[in-house]
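Notes follow once the structure below has been shown.
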Amino acid sequence: MFQHTPLRLTTLALLAAGSLAYTFAAGFFGLEILAEIAILAILVIALDLVAGFGGMVSLCHGALLGVGAYAFTVAATEAGLSAAPAMALAIALSAALAFAIGAVCARSTGIYFIMATLAFGQMGYSFVFQSPLFGGDDGLAGAPRPDLGAIGIDLTDSRAFAIYAILLVAVTYLVAAATLRSGLGRSLVGLHHNEKRLRALGLTVWRAKATAFAISGALAGLAGCLAAQHTQYISPGLLSWTVSGEALVVVILGGLGTLVGPILGAILFVVLKHEISALTPYWHAIVGLILIAVVMSRANGVVGFVEARLATRKPQPLVKEAKADA
Amino acid sequence: MTADLGFWVLQMLNALQLSMLLFLLSVGLTVIFGLMHFVNLAHGSLYAFGAYVAASLAGVLGYWGGFFLAPLAVAAMGAALYFTLIRSQRRAGPMAQVLITFGLIFVAVDATRLVWGDLPIGIAVPAVFEGQLSLLGVEYPIYRLFIITLGLAVLGVLTLILSRTQIGAMIRAGVDNDQMAACLGINVERMFFLVFVVGCALAGLAGAVAAPVLSVTPDMGLQILIPTLIVIVIGGLGSLKGAVAGSLIFGFVQTFGAVLLPTLSSVLIYALLAAVLVARPQGLLPAKG
Amino acid sequence: MLETRNLTKSFGPIQVTKSVSLKLEKGERRVILGPNGAGKTTLFNQLVGEIIPNAGSIHLDGADVTALRVADRARRGLSRSYQKNTLFDALTIRENLGLAAAVALGKGQGLWSDPLQSPEVRETVREVAALVDLAPNLDATVSAVSYGIRRQLEVGIALATRPKVILMDEPTSGVGPEMSKGFHRLLKSLPRELTILIIEHDMDLAFDVADTITVLNYGEVVFDGLPEAAKGSQLLKDIYLGAWEDA
């Protein structure tokens, strides 16, 4: 089950301190990258929650993010809602759709689950792409940033926006960690390992899966709102399955089922993308090769690799266990 | 317009042509999955590779040079992939396979950009198949009729091989129960290799025949991937019949949807897929009862 | 407490359960005997709802549960252990028992608290761990403990739901005689009001703990009665021992 080991807590503390410190040191470009990392981090924490802990490998999280982005933009521009209720509405819509997808796909496992989520994601993509209401291929512009003028914060400033984005990552992390410690989270991990037994113990499996997927979907929707607020322009490409695929890549690079790992993965991915794409237009190929190497190495991403290394060096956990036995 | 017989004939032919192209792609993917439980997301990239090889060779050897050599080149590529990645990841589970082949797509897209550039390449239809043929009052490009015929011919040959030959019986046994097949003394390893390479060759063939009809671009593999996956999931993973049924369903729903319900057309096929997954999670005609 | 009426199930042409009628009173301990392939596990699978019978009905605590799904029957107090260990391998024994207790208490979908920290769940885990002798191993991961310990956990998980009726599918299969004996003691120490149905191969154990005995052969009930009557039964010897010798 999910654990906050000292290593993970230290990593989290360093990440929080480092990113906040960076917001004050960085220039405009650095702050933009920081916001981009934050958006990806929220999406991959959401994905890790269901894929890493529940074994529900989803290829529709890009679409759920896109739904959040579109719903927020439409609610704020067409319906004239202010940012906060528009965000709430967008997150609720993403959660509701994710609940429906989770319920429908609850019977599918393995590759069938992956395919089914892919299908739903593409359905959303096609719908947005074709519907004139959403601007089609041209996308939509004009998503506002929340107005925090009342407390003296101007989110149009990229430093303030980066801090706001980092805070939302922290909120996301706390929601995911709390979910994993709840009864639902315990069941979710149990479902990953033995669905049949949990059913025999009296768990309504489809509802547990759908609820977990809905929470993950809500977080993906939040990432979508943030993405819309960041670029203030959205296009159907946000819903594309390759966004979901990239999110999965980030989770794998960081460490599946570790929550901390995906955040590290998001940092690595965005930084690598900018660094490599400055050198060569073929940065996707480099990412592809890294991905293949990581998966073939069988290490569980960066975090898994480090934890496995530490475990072989220090036999301390074994000693503890022996004490408990005696 | 819909009362006109010619309209229906034309759309039927369009649908059939799309179906047959998808069939060439999906049959390899689905039999590979049924036999080896391997999910190859890079199958579309092999198709794109076939199209590029065919387009390049067309300039040197003419259309038919590309037509015959592209499947061979893709088969060779498939063999290389088999020994470097596929074989070692066969038991790694769907997640690892999806990720590795997803990584392969990234590599393949950029590799084609590196070699052939970003601009679309077009090639001409071979001289024999130029022009139109009048069919039930409809003028239809001969080359597209050739694609339909080729698809049907491949279907016929594969059906014969699977139902009448010893290797076909082995493949069917392997899809049904791989442990049983190994017990019966079948060289499973060699059979996997053969099926994988033939599947790749068919993807290359699909790329070669599609090259004159579609424009050859680096992302054509990515674009065909989703339709191919939909075909095999609707049809049922692992079965030849499923690939046929899935291809026809996709071809017809897509083609007729686009002309009859233009606002809904692209959502239609995904909704159908969702309905199939809910009602029959294993697809319409799965390989195993 | 638990009753089946004319329960029938076929797989294709093969009838694996032929019109089985059983009736267990509250607190009854019944052992099901029968050779391999007699349909014992298939009967269990039907009782808990993992297999749907072709005909007949199942009644739990006076209510017809034939149409209920697995989870719904479990929530009405029916629990089972499996012949083949069906555990949460990557979790600790404490988490295994805690998860079972939490789900049974209706906390499996909760969002606001950690059920493993709740007093009821912790109490259940402690009690069950003491019963099935797992207290020293609570923090060991399942994949790291011996087969015998996993076997105890298999029954422990079923008990952690605090069931009214528990079905145990060959709880001592694959463990040594010493552990088997320990299991006898466990069974006897369980609360008397718990209704227990056990599939067992070991005749001695069967006669030791059973209030009543049912013998299945080719999916049919061929004996149903007191252990004393079964002991002397030529019929039981013929079928059961005969099949043993054949096997």
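Each chain gets a letter, A, B and C, in the order it is written, and its residues are counted from 1.
Convention: contacts are C-beta pairs under 8 Å (C-beta built on N, C-alpha and C of every residue); 3 or more make two chains touch, one makes a residue touch a chain.
Note that the structure is predicted; figures quoted are calculated from it, not measured.
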How are the chains arranged in terms of who touches whom: line, ring, star, complete or other?
line
Relative to subunit C, which chain's C-alpha centre is the most remote?
B
Centre-of-Cα separation between subunit C and subunit A, whole angstrom
42
Could you work out how far the Cα centre of subunit A sits from that of subunit B, in whole Å?
33
Centroid spacing, where centroids are CA-atom means, of subunit B and subunit C in whole angstrom:
50
Residue numbers of subunit A touching subunit B in their complex, please.
57, 104-105, 107-108, 110-112, 114-116, 118-120, 122-123, 126-127, 129-131, 241-242, 245, 248-249, 252, 281-282, 284-285, 287-292, 295-296
State the interface residues of subunit C toward subunit A in the complex, per the touch definition above.
48, 50, 70-72, 74-75, 79-80, 82, 86-91, 95, 98-100, 102-104, 107-116, 136-140, 157, 161
Subunit A contact footprint on subunit B (complex, rising order):
33, 39, 85, 88-89, 92-96, 98-100, 102-107, 109-111, 113-114, 222, 226, 229-230, 233, 237, 263, 265-267, 270-271, 273-274, 277-278, 281-282
Taking the touch rule as given, give the residues of subunit A at its contact with subunit C in the complex, in rising order.
1, 179, 181-184, 186-187, 189-190, 193-194, 196-205, 207-208, 211, 321, 324-326
